[in-house]
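Both complexes shown next keep chain A, but they swap its partner, so chain B is in the first and chain C is in the second.
Our next item is the complex of A and B:
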């Protein structure tokens, strides 16, 4: 027999397991990895989590809604490339300027979001209206959107992003660049939306059982459409941030980030079956991966180990998820 | 229904016109160029320069992009062999895996040219390379010079940012670089790979290392596009041009721009235009299976040496170190001013 208090503690630990894992990993690295324990490194971890983190938000929303979006990486790359082409002054950049100069900041952001939303809309159309499988539709988008990046850039790069946009990547608050604060703000806003608004609760319901949600009067198709558009727009935001970080764009920018975003989503406790998952957990997952990456950089281990460890972490996360279910059943 | 049928017919017609029309072009034949990827500027420009120079000597170039996938390039080779082109120019994704395809093509009577990436384990009809290990040598020489200028001797801390660790190109540069740096034990080298040659991965490495090792004297990145992200990372850490010495290789336009802005000290260039021009100069001899004689040849003003090696005739074109003193010279492909003079075939 377990007391309600014991049960509450166990529930809390199970719900926030990834945060405990993160704390454990940070303590271990701080003790054993030379030069790890310093403010600059922790700031780096937060900064480096920005792009995969933002991308993972949109991905998590679609997965919680019971679908999948493999196109987020290429969408981010396209948004980054178009930002680069329009607002970079070197390479293939055309160096668009506005008066006053700061206007390029909101304009570039709106363009990046619009590009992402358009791809999300297209994905949504094929999946919801034409009833095609999300996996196939977004896989196709993953391929054609990257192809579009190569086609519009001709394989060349854009550099020297307008200083009024670059300021986001350079300006720091509490030793952490503004781009990282944008990622943190995104997690805060979307965590609120997912838990405290009807939209978020309905997305979770739809992902858990779309038929039941439909019978309960929820407009399932509309909700899924919005989820895909949101995922695309958020990927566009990730691309915009990526262009800021690298002061431009190359045709292969962001390659491999989809898998990291997926890993973070799974490690963060989002069920690939849909209907389960919280965004703060996803952020912890991203921070965990970033911490491991940084530790490997500092230890000078071959980068292949990062992939091995990430793969094992995903497996461990799925295993823990299964264990969590069993433990919950014992407490029930 | 009729409308759909009409659209379908029109699409097929357009596709057919697109596919068939090049066949009417007057040329000595088609040469297939197997480009490993189109995701970097060197490769993109290699397509343009080979198309231009081989066009000068009467050949039509068809390019197939392998997207950095070995298996895809193998399939492309198999398909191309069936088309019986005048020759195949191969920039191999993988130095070993493509050997059977090269042998198969040559057995079918199709000459194979190795471009940019040297394969020594099987004979080819011609090889045109800058020498990736040699790029490492040139880079080491420049690092030694820069460290001596800064510290009075070849000592200090170097961060070497490789490309993808599965790419032999970057491993060769690393091998050449470290071989020449071995004799200077006071120069400490920290080597880390930027997975998939992705720029933000390089930025991450630089921002971590500059915090953990603030005494880094020099950062050597194996491609110019990686140095853009490195500069952005340094800028975010409050660094100014000249605070940390920077060097990269391949000579892409981005690298040259960074030299002009004062961030990059040296760019080790691969002589792309000369490498392409050399293929065109010898194309007739390669296609007609005539003897290529060893000796020194002038390729776009660069004194290049043809040697007859176990793997066939090999032309090696010297790479160059680009600094702020010579950055504007048009011979560097990073300035994207391809020579307009017609290439003349070697008699």
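Our next item is the complex of A and C:
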């Protein structure tokens, strides 16, 4: 038998494992990787984490609700491409302008969010109304939405985003660009929503046992629809930020981000079974991946190794999830 | 408050095509009364439970609940009136703590700028009070339900049911997965729930449990009531004979109590 105190400590460590991993990795890199320990590097890690981070929020919410959304990457790319086409002045951009000029900023954001929400709504419709498996539905979306991006761009790119939108990518607070702060703000807002509002609680309940939630009078279908729409809209936001960062959009913008987001979500402690996970942990997962990326770059290793390491990290994270369960059972 | 029985079934019949699952069931449950529903496999117990809790519509017959004739279109409709079946593992979310489960879908919120924010402290106080009133002890209300025993889970379900104004609870084999000590506590729990004026229908195969907890025993056999007797006025042997069809316990009906 173990004392409640020991158990409480074990629980705390298990629940926040990703933070310990992040701290460990940062300390080890700071000691052993030359030039790692400097403000610029840390700011860069935070900046790098922006797009995958934002995308991971929506993905995490849908997984916590007990489903899956593989379409977030393509959705982000579509939002980025349409932002690019509308508000870029070169390439395939049509250079839409408004008076006053700053109006393009909110308008482009609203358009990006709406595109994402529309795809989320479509995913939700197939999964909830037609009772199709979320994995397959969103895999299909992952493919056709990317196809749409390539089709509407004709494989070409849009460059030179309107300066009044780009301002967000240039302006910095504490060495960190505004887009990264937006990602951090998103994590703060959605962490609050997930832990403190009935919506977040219901998402967790539905992910844990949708039958019980339904029997308790929670509108499960409505809740799942909102989750999918949110995931889509958040992916749209990620795409908008991506377009700002690259000052335009290419047909293959963001390829591979899904797997980074997915890895971060799993490493961050979100269980693929649903009902378990915290968004701050997901952010720590994103930071962890970015730190490893940065360290690999600094060490001058070929970038290809990044992918190998990330794959192993995902495996390790899932293994950890299983181990945690066993440790918990011993303590229970 | 109505003084008649809580639930009155009158000549309930249920046909599935040519098969008569129930051939005219009549019995009643009083407020605060525990009724054990016994019968062999296929006797019609499950069908009856589904009809009472709104899962099935009877082919004919009348059901009076709380003084009004009712036909429930769905389990949700029955629940809204205060009738619920507690199935193990179907009504709790084990990934959430005790407080979260207790308030499932009914969270206490306070609005800040139109955004509903859960009031965790207030909710915890309510749960602590409800649990204390029922004499249930759970180490921490912030523990996820997955780490609690089957008996503790049942206590949460029943207390939650009582707290939110439940009037009649149906328990289908509630102790199937529990140990001896937990079963003993579960039975005490049922008596406590009944003492609050809630009607309880418990379905069990275990004769000893039925006699330990029930005020009245109703035996169903081949879709008919084969016996309806006060638990104190019968014996396990006699009940077994009713279940197998060697004796009819209807004579005891005159002597049955009308609840507390």
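One rule holds in what follows: the second predicted complex is superposed on the first by the 331 of 332 C-alpha atoms of A that agree within 3 Å, B and C clash if a C-alpha of one lies under 4 Å from a C-alpha of the other, contacts with A are read in each partner's own complex, and residues count from 1 in each chain.
Rule of thumb we're sticking to: contacts are C-beta pairs under 8 Å (C-beta built on N, C-alpha and C of every residue); 3 or more make two chains touch, one makes a residue touch a chain.
Note that the coordinates shown come from a computational prediction; the quantities given were computed from them, not determined experimentally.
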Looking at A:275 after the superposition, I want to know if it touches chain B, chain C, both of them or none. Which is it: first, second, both, neither? second
For A:201, using the defined touch cut-off, is the partner it touches chain B, chain C, both, or neither? Pick first, second, both or neither. second
When both complexes are superposed, which of chain B and chain C contacts more residues belonging to chain A? B
Going by the contact rule set out at the top, does A:35 touch chain B (first), chain C (second), both, or neither? first
Using the superposition on chain A described above, determine whether A:253 touches chain B (first), chain C (second), both, or neither. first
Is A:159 touching the first partner chain B, the second partner chain C, both, or neither of them? first
Using the superposition on chain A described above, determine whether A:217 touches chain B (first), chain C (second), both, or neither. second
Which superposed partner A:209 touches (first chain B, second chain C, both, neither): second
Which bits of chain C are touching chain A when the two form their complex? 75-76, 79, 89-96, 100, 104-107, 109, 115-118, 139, 147
Per the contact definition, I'd like the list of chain A residues that touch chain B in the complex. 34-36, 38, 40-41, 44, 47-48, 51, 90-91, 150, 154-157, 159-160, 166, 169-170, 177, 242, 245-248, 250-256, 293-294, 297-298, 300, 302-304, 306-307
Of all residues in chain A, those that touch chain C in their complex: 4, 196-198, 201-202, 204-205, 207-209, 211-213, 215-218, 275-276, 328, 332
Interface with chain A, chain B side, in the complex: residues 38-41, 43-44, 165, 190-193, 195-200, 203-205, 207-209, 211-213, 225, 228-229, 231-233, 235-236, 252-254, 257
